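After this come two complexes, each holding chain A, first together with chain B and then together with chain C.
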Partner chain A sequence: MWVLDRPAMLLLLFLLPPAVYVRHFWKGRGGKLVFPFGSWGGDGFRPPPTIVTLLVGLGAVAFWVGVSFLIVALAGPQRVTREQVYITRGMDIVIALDQSPTMAARDFQPANRFEAAKEVISDFVVSRENDPIGLVGFGKEASLRVPPTLDYPHLLNVLDSMRILELGDGTAIGMGLAVAALHLSQSTAPRRVIILITDGVNNAGEILPETAAQAAGSMGIQVYVIGIGSGAPVEIEVTDPDTGQTLRGTVEDGFDEELLRGVAAAGDGAYFYAGTNGALGAVFEAIDTVERVEQRSLLRVQQLPRFQLFLLIGLCCILLDFVIRRILAQEVL
Partner chain B sequence: MTFGSPGILWALAGLLPVILVQLRAYFKGRRDLAVLGRQWNRDAVQTLFLVKWFFSVLTFDLFVALSIFALSDVTWGERPVVEDRDNLDVVVALDISRSMLADDVEPSRLSRSLAVIRSVSRELPAARFALVAFKGEAVMLLPLTEDLNALEAVLDGVSPQLISTPGTDLERGLARAIDTFPAGTNAHHAILLISDGESLSGSPARAAITARSLGIPVLTIVAGTLDGATLSADDGSIITDDEGRPVISHAMPAVLEGIAESTLSVSVRLNDLEIVGVVVDNLLGHVERREASGFRLVPVSRYPLFIGAALIALALSLAIRIIRWQDMF
Partner chain C sequence: MDRARLLSSVKRIQLVATRLVENLLAGDYRSVFRGPGIEFDEVREYVEGDDARQIDWNVSSRMDSPYTKTFREERELTLVLIVDVSASVMYGPPQRARREVVAELFALLSLAAAVNNDRVGAVLFSDRIESWVAPKKGKRHVLRLIADTVAVEPKGRGSDLALALRTTGEALKRRGIVIVISDFKTEGYLPDLTLMGRRHDVIAIRIVDPLDREYPSTGLVRLEDPESRRTILAPGAVAGFRNAYRDYREEQRRSWEADCRRRHIGTLEVHTDADPAAQLIRYFEKRKSR
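Up next, the complex of A and B:
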């Protein structure tokens, strides 16, 4: 929205019509020599229109347009933006996402478990406000992809770029949890939460899931665990990001539900099973509803001066008139 | 007195061709009036023409000069504005061009810069940090976060090889740093710009103007010395120019000092032994100055004075030309 800081200055625009009259139409004006070329009482001599006279007319229009722009610049045009800012600290959330090959199982829409999880996480991120969210990926290794941040567009870009098998063939649930807990350890947030999403059993890494969950729990970090997958044999198709080779097969093993329940219990959180897209979405909605902290915000108004644009246009118009009159029309005064 | 857009003052040089055109018009006018004035009082017309020409030119040129000063956003004095902010968000914009590998600051400009960033982040545990690296392009390596472990991990991997686009574009680096502050936060914003000041493309002043308009101070660290140092290629050999002479990279503090000054901050030298304390004090100084009674002091822009004076000068220029003097001209 645009506003004027000194709107009263626009009253100066009322001075323009008399100024235009005095400069262009007043017969008694000075700065020129007048010679009588007409007959007594008849019409005066008028030169035929030429490109120069047309340009002089154009210059006169540009001059007064320029003066109008200067007056508007004097009135202080400003662009006003309103921004909602939070004055309270939100909660920190780190999502630990399984990137093992079994996440390519095609029992979830649109493509597989992994893509379904990314879609649900994306919806979850978009629904949050003022809660720093981080992202950890784990396969055979675990890696922090995004630290807890309010830069949601960056988070969503990184989430979109994540691929199955990037972190090796394996499922290091404990490492994923440990990395997530490490990056929440220095947080000053009133609540800290890890959401772990996996479809497999812990078969890699040097840290046991229970140990990592206990460590997180001892730091006051709550761990939610979501086991995904239908449990029935299901086809998988996955492309190795290193070789580009497409691998196909069937997954028959489900996840270790008892282990995941234990992890959730150790992390003072809860375990959820999501066998379908709808169930996975519902689990995230449940977590979204439960994990809320009080948020207070205010509306900050910011005024950005825009006088330079008007002033520049005005100055250019007046200099255009100057060039036309002095160089093309050869006016001497 | 400071200028929000000091580069615009170069436009004052444009007054020279304007004056030349006016002088040409004066001599042409004298010749024309000498021909026409034979029928009248020639000397009186010439004198009157000189007086009218002089004052109309003087007032018109004054109008142009005042308009240019107004465009450059002249400021002096400060006024308080209500601003209730909390905590501190710092975006570090780090130059990772090859010249940052020069060793005129031990062990190298880049290594020392990374050490300073680590120390500053440890001194400000409540602040959130982000990291933007730039050469010919600018890339956000770390979004704004409180997670110092993540910052440490990212700093460990910083090297000139992170960005393939050659060159140094301070404007891109600063612009990316400004964009890195997420919307909706209530923290004080500050940018820590670390570079040797060599800007091979872009206009750092333009990005500084944006930072200033958003109230973001840009504290600059000049990496390197005026004497400079040679640069080594990947194979360890000294980089030379076309004539075989060693290329020496010098620090250019003027650019960085200009950015800091126009955003109401300070510029410090990387080889200053007290640099960490100076940077921390200045970052906290911005916060403390702003948090005093929930007010922030902002510079007062004086452009209305200059536009008003410019309009008066233009009106005078017009009046001198169109009011007939001595019933003659």
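Up next, the complex of A and C:
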């Protein structure tokens, strides 16, 4: 946004018309030679138009444009930028997302559970402002994809690139939780939260989900667990990212709701069940509303003076006029 | 001009002009402008070689020795000098030359007339009649006229020659000599000049400055016309501009000369960069021999 530091200086622009009059039209102005070229009662001598006189005219225009620019420069044009700066640290959130093949079940719109979860997570991320968010993926193994960060665009990029079966055929809920908890353990944030999204039973990994949840709970980390899936038999279709093979099948086994409740309880959080897209969205909205810490922020207003540009243009215009008159046209007076 | 300079200027012009007139100009002036006839002057003793036909027998018998009548040209001509004192002639110290040339011409012509016993009147004009002095005889009158002309401080700026010609024409009843001294940077005077040329002996003297012929090759300067106060931008370094100026001046000169010649009006151009008296005398000599 552009503002003027001393807008009153623009009143000087009102002096321009009189100044132009005095310099170019007033009878009593100086810089003239008396020379009888006229003829009383007649036309007298009419000089033919020459390039030089044309240029001198242009120079005069440039001169006054330059003066106008100088006046604007005097008024102190500035670019003002406003930036919100948080002075408190937000809460750390790590989202642990199930990448097991069952996530490819087609009971969620638009494609499958996995895609639906990704979509909802993106919306959630975008709605946060000063909370570092991290991402953990788990299948047979678990890995940290993004440590808690405020660089949301990067986070969303990584989220978008996640594929089912990347981390093997299996569901190591305990590993996912543990990795998430590990990366929150050193955090100094006032609040730390893990959001676990899964649709299966814990069938891999060396750490039990309850153990991991207890560890998290003992560190003061809250664990929200979201179980997704309809429970009914659903067909799945998944492409192995390593071999390029497409696997088709039907899943029937639902998730271990008891286990998930236990995990949520151990992690001092809550368990949610999301059977449809809408329910999943609502769950995230609920978490979003609940998990808010009071944040204090400052509005940093930065004023960047931009008069140099006007000064430069103004001086160039005036110099142009000078060059035309003194050097090109060899003005004498 | 302060008073001391003015007085010395008047004195100098009067002195120079008087000498020039008595030695050189008076005779020529007399020959160029002839009176309408001859008249009886006096009777004097006959000397050998006189025309026997002019012997006045009555006086001879009364005086008992031969006496002869002498005659002289019937003069009593009237000279009116119309002098342009517009701003284009009078402006600025650097161009004092024009003003001085005008004053000198005025002095020479009026003194020549005075020496030949003619009556001299003067009209000084700008865009109005600045002064009008009725024709009178006598050297004292002429010397006063010269002083007035040198000292004139015109109130107007323009040059309305038509008005001056009309005024002179109305005042001058009998045939006379009218000499116009001007730079002729004016228009619309031709009808009045035609009338003037029919009734009187008219000579137009045009004052020409070197700057009236060529524009000097200088840098850019803004020029102001002293009469109209109009200004133009003069790029003196541009050949096109200088040529246009020269052509304009040449055209003005040519049309002035043609206009005067068509009306049987004598024309003389006096250049400020040469001696005006010499130019005037040369002109009269040429005209006499015609």
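Assume the second predicted complex is superposed on the first by the 224 of 333 C-alpha atoms of A that agree within 3 Å, B and C clash if a C-alpha of one lies under 4 Å from a C-alpha of the other, contacts with A are read in each partner's own complex, and residues count from 1 in each chain.
Basically, a contact is a pair of C-beta atoms (placed from the backbone, for glycine too) under 8 Å apart; a residue touches a chain by one contact, two chains touch by 3 or more.
As the structure is a computational prediction, the values presented were derived from the model and not from experiment.
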Touched partner set for A:Thr50, first chain B, second chain C, both or neither: second
First, second, both or neither for A:Val22, with chain B first and chain C second: first
Which superposed partner A:Met1 touches (first chain B, second chain C, both, neither): neither
Touched partner set for A:Glu331, first chain B, second chain C, both or neither: both
Touched partner set for A:Leu144, first chain B, second chain C, both or neither: first
First, second, both or neither for A:Gly134, with chain B first and chain C second: first
First (chain B), second (chain C), both or neither touched by A:Gln84: first
First, second, both or neither for A:Leu299, with chain B first and chain C second: neither
Partner with the higher number of touched chain A residues, chain C or chain B: B
Chain B versus chain C as contact partner of A:His183, first or second or both or neither: first
Doubly contacted chain A residues - partners chain C and chain B: 31-33, 330-333
Of all residues in chain A, those that touch chain B in their complex: 6, 12, 19, 22-23, 26, 28-33, 67, 70-71, 73-74, 76, 83-87, 92, 129-130, 132, 134, 144, 146-152, 154-155, 182-188, 297-298, 304-305, 307-308, 311-312, 314-315, 318-319, 322-323, 326-327, 330-333
Partner chain C, residues of chain A touching it in the complex: 27, 31-42, 44-48, 50, 52-53, 56, 325, 329-333
Residues of chain B that touch chain A when the two form their complex: 5, 18, 21-22, 24-26, 28-29, 32-33, 36, 49, 52-53, 56, 60, 63-64, 67-68, 70-71, 73, 84, 86, 125-126, 130, 140, 142-150, 153, 180, 182-186, 213, 301, 303-304, 307-308, 310-311, 314-315, 318, 321-325, 329
Contact footprint of chain A on chain C as seen in their complex: 86-88, 91-92, 127, 158-160, 183, 185-188, 211, 218-235, 237-238, 240-241, 244-245, 248-249, 252
